[in-house]
Amino acid sequence: MQKSPIKYVFLLPAVLWVLAFTIFPLIYSLRISFYNIRLGRNVSAIWVGLHNFARVFTDSRVQESVVVTLVLLVTTVTAQLVLGIALAVLFNRHLPGRSLLRTLMTTPLFATPVAVGLLFLTIYYEEGGFINSILPWKIPWISHPQWALVGVGLVEIWQWTPFCFLVFLAALQSLPDELYEAARLDTSSGWRVFRSLTLPMLQPVVILVLLLRLTEGLKVFDIPWGLTGGGPGTATQTYSMFTYRAGFRHFDFGYSSALGYVMLIAEMIVITFFFKRMRQVYE
Amino acid sequence: MTTGRNATLTAVGTSAVTRRVVRQWRQVGIVLLAFLATAVAGFPVYWALSMSLRRPADTFTVTGLGVPFLQYRPTLENWRTELSVAETYHALLNSTGIAVATTVLALLLGVPAAYALARFRFHLIKNKDIVTWFLSQRVLPPVVTVLPFYLIMRTLHLLDTQAALIIANTTFNLPFAVVILRQTFLDLPLELEEAALVDGATPFSTFWHVARPLAQPAIMAAGLIILAFTWNEFLFALTIGRLDAITLPVRIAGTAYSVRGVQFWYVSTQALLAIIPPTVLALLAQRYVVRGLTLGAVKG
Amino acid sequence: MRHVLRLLSVLAVLALGLAPAQETYVTFNADGSITIRLLTDDETVTFAPGELGNLVGPGLQPYAGKTITVTTNSGGVMGGISGPIYQVRPAWEELTGAKLNIVEIPLGEAFPQVFADLQLGTGQFDGFIVGADWYGDLVEGDFVVPVDTYFDNPGFPTWDRSGFPPSLQTLYTWGGRWYGTLNDSDGQVLYYRRDILTDPAIQAEYQAATGRALVVPPPTWDDVLSIARFLNGRDLNGDGEGDSGVVLHLKVNAQGLFHFISLAVPFVVTRPNQPFWFDPDTMDPIINSPGHVRALEFLIELSQYGPAAQVGWDLGEGWDYFLRGRAAFVFSWGDVGSLVQIPERSDIKGKLGASILPGVREVYDTASGQFVAVDPPNVVGNTTGGSWHGMISVLTPNPDVVYHLWATQATRSFSLWNVRQGWTGVDPGMAWHFVPPYGNASLEAYLSQGWNADDIVEYHRAYRDNYFAPLNLSFLRIPGAFEYRQSLDQNLSKAESGQLTPQEALDLTFAQWQETTDRLGRDRQRAIYRASLGLE
């Protein structure tokens, strides 16, 4: 079995496919990032060296978008994990109609994000929309810079908490019951059982989910695109949105490529730092 | 002595009652919490339905839960208008076609590769490193590749074709399929395949007739997830598909960012058209989906 | 998987079952006129004999077998700008034999998509609905075809250019040649609640409270501010809740910046063709001049008397608020006037007042660097917005077919139908769109479409005054207009949401514009900017 040449027939198409459609674009975009491309009657590409990269580090819009992205990332991922665990513990009990409830809980998981962003425009509508009409205060969900960030964050949390929940629930249900019985006899506090038993056993799964959510969360684009368009001002403009706008709205191809590369490199550094851990968990 | 003993018994009795009451109330609280969480999760879909049945003038005047019949007179006008244009079907068919083709292609390429990585040893580059490389593709931010991909598709004359979007989505999803399915194949008992080989089966027929059927549930799960991811993909669809290859999410964003503002009544109609198919799929196959979403690390 | 297949087949069956059936949309009348039926409205438009040109007629289908694809703004079958094309499509296809594909592009994506198609030579689109600010990029890039070559050709539909106000004609032409065909006229006017502002009780109360008379329409922005402040918090629609003095639509990356542009012009512009954006000699921006800064400060002060939510509102939400009687003022596009007439959308039919945007009594004088007092107030018209209209791609193999479509839309009969409807997003601007005494259109035709007789007179007076004003805003039409506008828009939104002061926001815009100009080439930009002002 080990010697069979068929293994290459099995493996190579997939490897070549992914190589072809990621490596070539990446090389292409590296090249573009050294040019200032001017469109118009005569398209010109002017070699500007590292100028586009220098712009990335001096442009205040980039700095703002980095802050927005990181704030969203940290807060939403934390909330997703905490809520996910809490809900999993909740649903791991005997509840009437549990499987139906659990099924409904997964509704957000595959709901088209850009459509969700737009729907929340009406849910957040400030002059008597759903949320503000049941709350005693008028919350400026879209019009206030910090609240808008909260608004985007809540939709992200809404969409991705069920993912964490499902995973943690599955993990909880695979834990051996005997351990719990023993622990329950030992101590009466549910919180202590959770702290000393459940959480440590969930740890590998928590780290895995954390990594998955962090890498996905960095890409955030669709929801703020639909909900706030990045506003007010640039208060909810994420790094991905700004990169996209530089490339496809301003036709500043060189800058957009440089922005992409800086993101890629930053992420690579973080990932290599985390990767050992990720692999340990995964293997 | 006796009195003391009685007193103790009484105390125990009371606290047992109290504990039972506490436990019952706690159970009620827990059930309520669970219902609340579920309601929050499901609410936007209900909301979309409520919005899609309103006249434009009712969009913002109906407050609270927006219950049709009670709070406003529902109308099917938005649905009628939306379903009367060919463009809606065009987007629906595109989304379906692209999602199905991507799924088939990604599985066609991914299942054998996953099997190869699970069952054969590669020497030039270690299996582990190949898997890591596939895994790392998932991390690559799409916004990094969207611009060069666009320019390359233009060189290939594939802009605004379903093919371009199928290629793009296959590229995103193939690594995912390889990684989770490799884990699945690793978890399968080796004995059956060994027995088949001993009986003289070729490695291919061992794969096809023994391993693949055993991995079928996981393959389906991977397929469903790829289908949903592709259906929802927005960034590449927005840049590459405009006319011939327009997908539903792009059409929704289009209706939303109209020159005269967001047309909430059509947006909610289209949003439902977009949300329902992947959500229904996810509900049907929930069991498999957990496993798929965690790259096979957690068993659903 | 079986579930999946079942679901897909259900969808497919649904799609087939609901597909529209084949019908006829064209009637050739005995007198040579042609009546067409529109897609959804059960409405008809009758063209005068010969109005559609002699290529079409009974048994003639001059473009059979040809297909064209045009872009338009997103909005769907009943959406602004896109709607009329859908409405006329079945009849036009029947008349010409051609097949028409409509591509809807979201507002923010429209220019980039079209420009990319042209620049990359894809040639996917035969024609486009363009915004007036695209001219610099499209005409200077040789990407569009002039249309004046068709004007004397009897084969094509004829349309009337005699009613064009100079301010709008500029937007349809470049270097003296016509590139656009009549469709939309965009400009912002002031809308107010006539019933409230002319209410004697309110007028008396206002006079007592502020010490000045409530003049209708308000002649200056200061008057608007003062009235808005006075009315803010009062119940304006009888629902028992406090309403707002004004409502704006300030959402970023939408059309919020137009509020600032139309409001700021009279603070800065006192003579014809005076630059508003850049210094035409150095190409340095003048967007952070003291006049511009004061205008932004004023806009922010005015916005205090509107709902806080308006910072995140696009046109739809802002208009809806005014239409429901929840604000006394809005300054916006022509759509408001016509939407007021639609009972499903509006509670204020018959209560509408409208005027050209007010003036200011203190104007910034660039020469002296001082604010100087002016009397009467300095009033300037504007053509802010897209003035969305058709253009023909240089890459199309079928320019005639595209022109035929755009010219059909531009005909007097269709154009009048367009401006009479509230929902089409096509706003009046031609002298022959306006009812007497402002033009020669038939009042009855408007009334039969459900217009209120008082409302329409107000509305048409406002627009006549605006487009035919002696002073008008010079439109930013240079390459990169989209990028310049986007950075202005984002910085304005920061100021409006309190993240930057007006001075900081406009200084930042100055710096970003300089960067863009340098990247695009200062000399080329200067030359084109001067051309767009008619300086060379």
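Letters are used for the chains, namely A, B and C, taken in the order the chains are written, and counting of residues starts over at 1 for each.
The rule we apply is simple: a contact is a pair of C-beta atoms (placed from the backbone, for glycine too) under 8 Å apart; a residue touches a chain by one contact, two chains touch by 3 or more.
Model, not experiment: these values are computed from the prediction.
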Chain-level touch network, classified as line, ring, star, complete or other: complete
Interface with more contacting C-beta pairs, comparing A-B to A-C: A-B
Distance from the mean Cα position of chain C to that of chain B, given in whole angstrom: 40
For chain A paired with chain B, centre-to-centre distance based on mean C-alpha positions, whole Å: 14
Whole-Å gap between the CA centroids of chain A and chain C: 38
Where chain B touches two or more other chains at once, by residue number: 59-61, 253, 256-257, 262, 264, 281
Per-residue multi-chain contacts in chain A, two or more chains: 125, 127, 229, 248
Junction residues of chain C, two or more chains touched: 108-109, 254, 317
Complex contacts: residues of chain C adjacent to chain A: 108-109, 112, 115-116, 119, 137, 140-142, 250-254, 307-313, 317, 321, 326, 479-480, 482-483, 486, 490-491, 493-500, 508, 516, 519-521, 524
Residue ranges of chain B in contact with chain A within the complex: 30-31, 33-35, 37-38, 40-45, 47-48, 51, 59-61, 63-66, 109-110, 112-113, 115-117, 119-122, 128, 130, 132, 134-152, 167-168, 170-171, 174-175, 178, 197, 202-204, 207, 228, 231-232, 234-235, 239, 248-249, 252-253, 256-257, 262, 264, 267-268, 270-271, 274-275, 278-279, 281-283, 286, 289-291, 293-295, 297-300
Touching residues on chain C, where the partner in the complex is chain B: 1, 3-4, 7-8, 11, 15, 18-20, 40, 69, 73-82, 86, 101-109, 113, 120, 122, 124-125, 249, 254-255, 314-320, 324, 335, 344-346, 386, 388, 425
Sites on chain B touched by chain C in the complex: 55-57, 59-61, 81-87, 89, 92-93, 96, 100, 154, 159-160, 220, 223-224, 227, 238, 242-243, 246, 251, 253-264, 266, 277, 280-281, 284
Parts of chain A lying in touch with chain B, wherever the complex brings them together: 1-2, 4, 6-11, 13-15, 17-18, 21-22, 24-26, 28-29, 32, 87, 90-91, 93, 95-96, 98, 101-116, 118-123, 125, 127-130, 133-134, 158, 162-163, 166-167, 170-171, 174, 205, 208-209, 212, 215, 218-219, 221-222, 225-226, 229, 239-240, 243-244, 247-248, 253, 256-257, 260-261, 263-264, 267, 271, 275, 278-279, 281-283
